[in-house]
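Here the structure comes first, spelled out in C-alpha cells, and everything after it is commentary.
Letters A, B, C and D mark the chains in the order given here, with residues in each chain numbered from 1 onward.
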Amino acid sequence: MVKFRYTKMAYADPDDMVFGHAIYPVFCKNWNIQFGAGYVVPEVKVAPRPGTGDSLEKLKAEHEKITRDACDRAAAIGIPFFMIEQEHVFQQTYNPKWAGEITALQAAIIEEYVSKYGMKAALRQTVGDIRVAEKPGGLRESLGSEYDRRIAETVEECCRNGASDICMETMGGKEVLDYGCMRQDIRAILFGIGYLGSIDMEYVWDRNVKICSKYSTNPGGETNCSGANTLMFVAGGLTSHDFPHTVAMMGRAMAAARTLVAYECGAVGPHKDCAYEGPIVKAVSGRPGAQEGKQAVCAHGDIMGNTIAAVCDVWSNESVEYHSEFGGTTPAVWLQATAMEAALMNTAIQTGQAKILRDLYTLTDRYRDPQGYCLSYDNAWRIGKALVEYGKDIYLRARAAALEAGKIMKEAHEKREVVLTRFELDSLERAMAELEAMTTETSRWVEKCIADYKRKVPNFKPENYGL
Amino acid sequence: MVLPKIKNTDFIFRRYNVELEGPAIPVEETPEVKGALPKEEPYKSLALAVVKGDTDIVLSKVKDALKTIKPLDIIEKGLAKGMDAVGALYASGTYFLPNVMVAADAMMAGIAECEKALGKATEKKGKVVCHVAEGDPHDIGKNLVVMFLRAAGYDVIDLGRDVPIETVVDAVKKEKPMWLTGTALMTTTMSAFPKISEKLKSMGIDIPFGCGGGALSKEWVESFDLGFFGAKAHHAPKLADAILKGMGWKDLRVKYNEVVGEYSTGKGW
Amino acid sequence: MVKFRYTKMAYADPDDMVFGHAIYPVFCKNWNIQFGAGYVVPEVKVAPRPGTGDSLEKLKAEHEKITRDACDRAAAIGIPFFMIEQEHVFQQTYNPKWAGEITALQAAIIEEYVSKYGMKAALRQTVGDIRVAEKPGGLRESLGSEYDRRIAETVEECCRNGASDICMETMGGKEVLDYGCMRQDIRAILFGIGYLGSIDMEYVWDRNVKICSKYSTNPGGETNCSGANTLMFVAGGLTSHDFPHTVAMMGRAMAAARTLVAYECGAVGPHKDCAYEGPIVKAVSGRPGAQEGKQAVCAHGDIMGNTIAAVCDVWSNESVEYHSEFGGTTPAVWLQATAMEAALMNTAIQTGQAKILRDLYTLTDRYRDPQGYCLSYDNAWRIGKALVEYGKDIYLRARAAALEAGKIMKEAHEKREVVLTRFELDSLERAMAELEAMTTETSRWVEKCIADYKRKVPNFKPENYGL
Amino acid sequence: MVLPKIKNTDFIFRRYNVELEGPAIPVEETPEVKGALPKEEPYKSLALAVVKGDTDIVLSKVKDALKTIKPLDIIEKGLAKGMDAVGALYASGTYFLPNVMVAADAMMAGIAECEKALGKATEKKGKVVCHVAEGDPHDIGKNLVVMFLRAAGYDVIDLGRDVPIETVVDAVKKEKPMWLTGTALMTTTMSAFPKISEKLKSMGIDIPFGCGGGALSKEWVESFDLGFFGAKAHHAPKLADAILKGMGWKDLRVKYNEVVGEYSTGKGW
C-alpha cells in the first residue's frame, strides 16, 4: 500500500533545486555516506562478462574484480566517496543464494578499502525484475509466480549481506507499453506506464520497503526503464527514424508519476540513475536522485547528457561491460570518469558557484532536443506541478504530466527555442489531441483500456495487476 | 535560471534532423511511393491504404475487391505493393517505425480477410523461427524483426522471450525453418547462442543463425558456427531473401553490407 | 632551423587565457574549421585492433569503421564540429603508401558527411616516430636511417591525401630520459628532454613545416610524450610508488621548453592532446592547443583531468581501442564524450561564463596533486614567464622552467595548499638543489653531460643529435 | 582567478597518500630492513649500503671485505640480503622505484667487484630472455622487468625493443632460457606474441612465455599456448622463482595471484 500520495511540490521554487542537495538527504547504514547532503556522489556500474553467469564461482570472481578495481582507482586518484552499484543479471536474482554471497563479497572488499583509506562508500544492489507476464503466475507471487517469489528472497538476501540500498527497475505495464511504443499509441503508453506501471510499483515497493526495514537497508527507488527508457532508446538520436522524441518525452513525463510510487510506499532515494524523469521526481519529492548522462556514453547514446546533471545527487556511468582499456579496467576507468565530473560539481558547491554550473549544464542540451528541454529543471518542475494537481489519481496525474510536457514542447517550438521536425510536431499534436479527448473519469477510462488491450496485446493479463 | 540566454547555439549543437527534413509533402507525392505503387485500380487504392496504415479502409477495400478479384491477386498486386512502398519510405527516412508498424498491421488485417475468402492461409515465402535468449526480457528488437519479416511475407514462429535452449532447438527440429534468429541484450544471456549452435550442429542441422541485440558484436557472433551478426531489424527481410536464394551463414558473414545495402555497426541506440 | 626563439609571453596576463580562444587562431584548408577561434573543438582518436596491422586491406577496413562511426554519431547528436585524429601505428608510418591510402579514405568519408550535414571537421594525422636510437642510422636520415627517411615520406603522403594537419610525438633524448626516469636523475632528465629533445625537435619540425607548406596542410605541433608523459605515467596515481610526482612535474616544465620548438620552426598548432605542458606552451606562444583529461580515462589515469581543460582549444579522448560498448563502438562513444564536454565549454563561452567554468575546472584538481597545481593556468603562466627569460638558450630555459615549477610546489607545500608526502618533498628538494648547483655555462654543462651519459647510457649516440 | 578559495576540499578529493604515509623514519628502523638485514658485520654494513643505494660505499666496503672474506659470501650474505630488504621496502610502499633502481645499481657494482676477485662470473639462478615486440618502442616496462630480475640474481639476455620474431626465436633456441618475456604496448604489435608461441611450439620448445604491457589483457595472452599474463614488473622475480621450482605456463595462468602475493589487473598507470 502507498503510505500517501504526492499532492504538493517539495520545492516551492525550481531555482532552489541544485545538484548535491536534496530536501530530504539520505543516510546509509554502512560506510558513513550520505546522499543529497551537500555533495554529489559518483557511482560506477559494471556488468559481468559473457559466460560468467555460468556458475556462482565465475560470477563471484567477476564481481570481486569489479569491486576491487573500482576501489583501487578510488584510492589512486583520491576519490573521497563513491557508490558501487551492481545490477543483477538474471542468474543472480534467480538464485537468491548467489545474490547473497556476491553481496557479502562485495561488501567485504569495500570494507577492506574503507578501513585502509577511510573513504565513504555505498553498495547498491539492483535486483533484476525477472518476472515475465506470459509465464505461469505472471507478475504476482499470489498467482503462483516462481520468479516473483525469488525476487523477494533475493531482496532479502542482499539486505542481509550488506547492501547499502536496494533498487529495482520493475516491468509492470511493459507488455502494453511495448505495444504502444511500436504503434505510437499514446493511450497504450499512458495505460502501460501511468496506470499498470503504478499499480505494479505499489505491489513491489510495498514489499521491498518491508524487507529493507528489517535490516536497516535503504529502499532506494526506481526508474521507468521498461517504459520511458524504452521509448527514449527507440527514439534514439536526431537522425533516428524510429520514434518521435516529442512522444517519447510525453512517456517520460508519465514515468515520473510512476517512479514516485516507490517513494509513496516508503522508499527514500536515491532513485536509479537511468530515471531521466529524475528532475521531475526530485521537484515533487525533494528526495535525492541518481542520474546518468555525459559519462554514461559507454551505456547508451544520450542527447541531454549535461542537462540531466543539473539537479543530480549521484552521478553514474549507467553500465559498461567488464573489460580492459588502455587506461585500466572498466570499473576503474568509469568510476574515474564519474568521479571527475562529481568533483567538478562539488567544487562548484564549495566555491558558491553551484547554480552557475547547474545552468551551464542545463543550457548545453536544453535546445538540442525536446526531451532535454522538458527535463531542464525549470520545465521539469512545471511538469511536476501539473502532476501533483491530480496527485491522488494515478491515471489523471500521469495524463496531466504528459499534457504539460506537450504544452512545454509546443511553446518551445512556437518560441523557436527548439524547432521541431514535421514528424516530431505532427506526432506531438496528434498525441496531445488524443490525450485531451480522453475521459477524465478514471474508472471508465480504465475499463475501456482493459477491454481494448486485452484484445490487442496477447500478453496483457489484467489479473497480473489485480484488475 | 541565473544565466542569460545563449547568443548563438550553432557553436553548441546543430539539429541536423531539422536542417535535413525538408517541408512536409503528402506521401503520395514522394518518389518512393510513386515508384512502387501499382497504376491500376483497385490495387492502387489498396496499396495506398496500406501505405497510410489505415486498417479500416484496407478492410473495406479488400471486402469490396474480393467480390471481383482473386484473393491472391489482392494480396500480391495490391497489399504487398503498398508494403514495398512503406519499406522504401522507411529506408529513405521519410517514414518512421510506427508508420511501418501500423502499415504492417493494416496489411495483415487485409491478408487475413483474403485468407478467410480463400479458406486457408496463403503461402508464405519461407519460415523463420525467432526468439530472445533465456533469462533475457529485452524483446523489442526481436519484435521488430518479427514484424518486418511478417510484413515481407514470411511465416514467423515467434517463440517469445526468455526461451530455454531446448525449446529453440526443438522448434527448429519440428518447424524446419529456413532461418533462425536470436536476440540477446545482456552479456550473461548471449552465451545461449553458441550452445544452441552446438546442439544444432550435433544434430546435423546447418541453418543460418542470425543473432542480434545490444550486447552482441559481429566478432563474438562469428566465434561460433552457424552464427552471423544481425545489425538492424529492418535488415531482416533482405537477409531472408538472400537466404531464400541460397546464401549460407558463411556468405552472410562476408556479404552482409552488400545484402542489406548499407553500413551499420548495429551498436548504440 | 628555428625561425625565432620565444623571449616574450604572448599573454601579458594569465587571466586572459581561457578555453576556446587563442591569440593566433588556426584555419584549416578543408572543412571550414578553426581552432582557438572562440569555440572548443572535440577530438576523437581510436586505435586499430590487434591483428589489423597485418595488411593494408585490414588496416583500411578498420580506419573506415573508425571514421564512419565517429561521423555517424556526430550527426546523431548534433555535434557542430569535430576533429578525428589518427595516430599511426608502426605499419602505417613504415609504409608511406599505406599512410597515404588510409588518409585518402578517411578524408573521403569525412567529405561525405560534411556534404550531407554541413558540419565543420578536421582530420589530423599523427605520424609515428619509428626511429630507434640503437638501430643503424639512429635518428637521422643523413646517418642512413631508413626509418627516418620513411617518416618524411609518410608526412608527405598524408599531406598530399587530405590531412588537415600533421602532428608528431618525437623521441629525441628518450634514451637519456629513460635512464634518468628510472634513477630519478634530474640532470639526465634535463639533458634528455630539454637539450637533446629540443635539438631533435628542430631537426624534425624544420622538415615537417617544409613538407606541409607544399600542400597547405597545417603543421600542428608536438607533445613531449616520450619524456614528460613517460614521467607522469610512471609517477602514476596517488598510491603509486614508482616516481615522485614533484619531479615528474619538473620534467613537465622542461617539456614546455621543448614542445615550443615546433612553433619556433613554423608549426602553427594546435599541438597534440597529450601535451600536458599545453597551458605553459599556450601562455608563451598564444597558439591553440589540444588537451585531454577527464574524457581520456579510456587511455590513462589522470589526476588533473578537469584542471587541464581550463585553457584548451581542442578536447580529446587521447586514445581508445576500436571495440563495441553497449552505447556504440568506441569512435562513437568517445567522440560523444568529448563533444559533450566541449559543448559545455562552448555554452559557457556563449553565455559569458567562460572564466567561471575555467576556474571551476582549475580548482577541481588544483590541490589534488602537485602536477595539477603547477599546470593550473596561472602557475603555468609563471613557469612560462621563467622560461622566456632564458628563451634563447635551450638548456637554460628548460632549467629555469623546472626551477620555477619546483618553487611553485614548495610554496604550495608551505602554504599547505598541496601537502606533499615525504617522498615527494625529499625528491623535490634534492632535485632543486641539483638544478641550482648546475653551471649556467651551457657549453660546459653539455660537454659534461655528453661525457657522462655516453658512458652510462649505451644507446645514447651524440651523432644522432649532430653533437 | 575569478573564483574564491575553496572552503573544504574534503568533498572534492583526498590525498590518501599523504594521509597514509606517516612521518619519515630512517630506513634502518623500518621493520622490513630490521627483518632482512644480517646481524654480523661486515655483512650488515654491506647490506645497508645497498639499501641506501650508495655505490661508492658499497664498492669501498666490498674491496675492504674481499681482503678477508670469500667473494661469494660477500654477495650472498651481504649484498643480496640488502636487496631482499629493498624488495620488502618496495612491496610495503616505503621504497619507490628509483630507490630500487639505484640499490640495484649499487649491488651490481658490488657483484662486479666480487666477480673480478673471483676471476669469473658468479653463477646466476637461471637465464631469462626479455624483449619488446617488433615495431614497438615502448620499453620502460621491459627495462623494469630486466632490472628486477637482475637484482634478484637472474641472468637476463635483454634483446631490446622493436625485436623481430626471428630474433626472439633464435635467442630462445640458442640461449635455452628457463623463461621468455615479451612486452608490447600497442594493439598492432602484440600480435607478434602468438606468432612467437607458434614457432616455439613447432620446434618442440615448451617454455613459459610471460607477456605484459599496456595493450595486453590476461584473456588475450591466454588465447595462445605458452603465454601467461604478467601484470607488474616487480612480480618478475617471484615468477622466475616459481618457474625455477617447476611451475609451467598452465599453472601460472591459474596461480598467478598466489605466486606474486597480490591482486593486480596490470592495467592502467
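Brief remarks follow.
The working rule: a contact is a pair of C-beta atoms (placed from the backbone, for glycine too) under 8 Å apart; a residue touches a chain by one contact, two chains touch by 3 or more.
All of these numbers come straight from a predicted model, not from anything done at the bench.
Mean C-alpha positions place chain A and chain C at a centre distance of 40 Å. Centre-to-centre spacing of chain C and chain D amounts to 30 Å, using the average Cα coordinate of each chain.
Chain A and chain D have CA centres that are 48 Å apart. Taken residue by residue, chain A touches two or more other chains at 47, 73, 75-78, 236-240, 300-301, 321, 323, 325-328, 332-333, 343, 347, 351, 353, 356, 359-360, 363-365, 368-369, whereas all remaining positions touch fewer. Touching of two or more other chains is recorded for residues 3, 6, 9, 12-13, 15-16, 215, 268-269 of chain D. Contacts between chains form some other arrangement here, matching none of path, ring, star or all-to-all. Those chain pairs judged to touch are A-B, A-C, A-D, B-C, C-D.
Those residues of chain C whose C-beta lies close enough to touch chain B in the complex are 38-39, 65, 68-69, 73, 75-80, 116-119, 323-329, 332-333, 343, 346-347, 349-353. Listed in rising order, the residues of chain B touching chain A in the complex are 1-3, 6, 9, 12-13, 15-18, 21, 23-24, 90, 93, 95-98, 101-102, 105, 134-137, 139-140, 143-144, 147, 160-162, 186-191, 215, 220, 268-269.
Contact residues of chain D toward chain A in the complex are 3-16, 19-20, 214-215, 217, 263, 265, 267-269.
Of all the residues in chain A, the ones that touch chain B in their complex are 15, 47-54, 89-91, 94, 129-130, 132, 134-135, 171, 178, 181-184, 230, 233-234, 236-244, 300-301, 321, 355-356, 359-360, 362-365, 367-369, 378, 418-423, 426.
Remark: chain C residues 47, 72-73, 75-78, 236-240, 293-303, 305-306, 319-321, 323, 325-328, 332-334, 336-337, 340-341, 343-344, 347-348, 351, 353, 356-357, 359-361, 363-365, 368-369 touch chain A in the complex.
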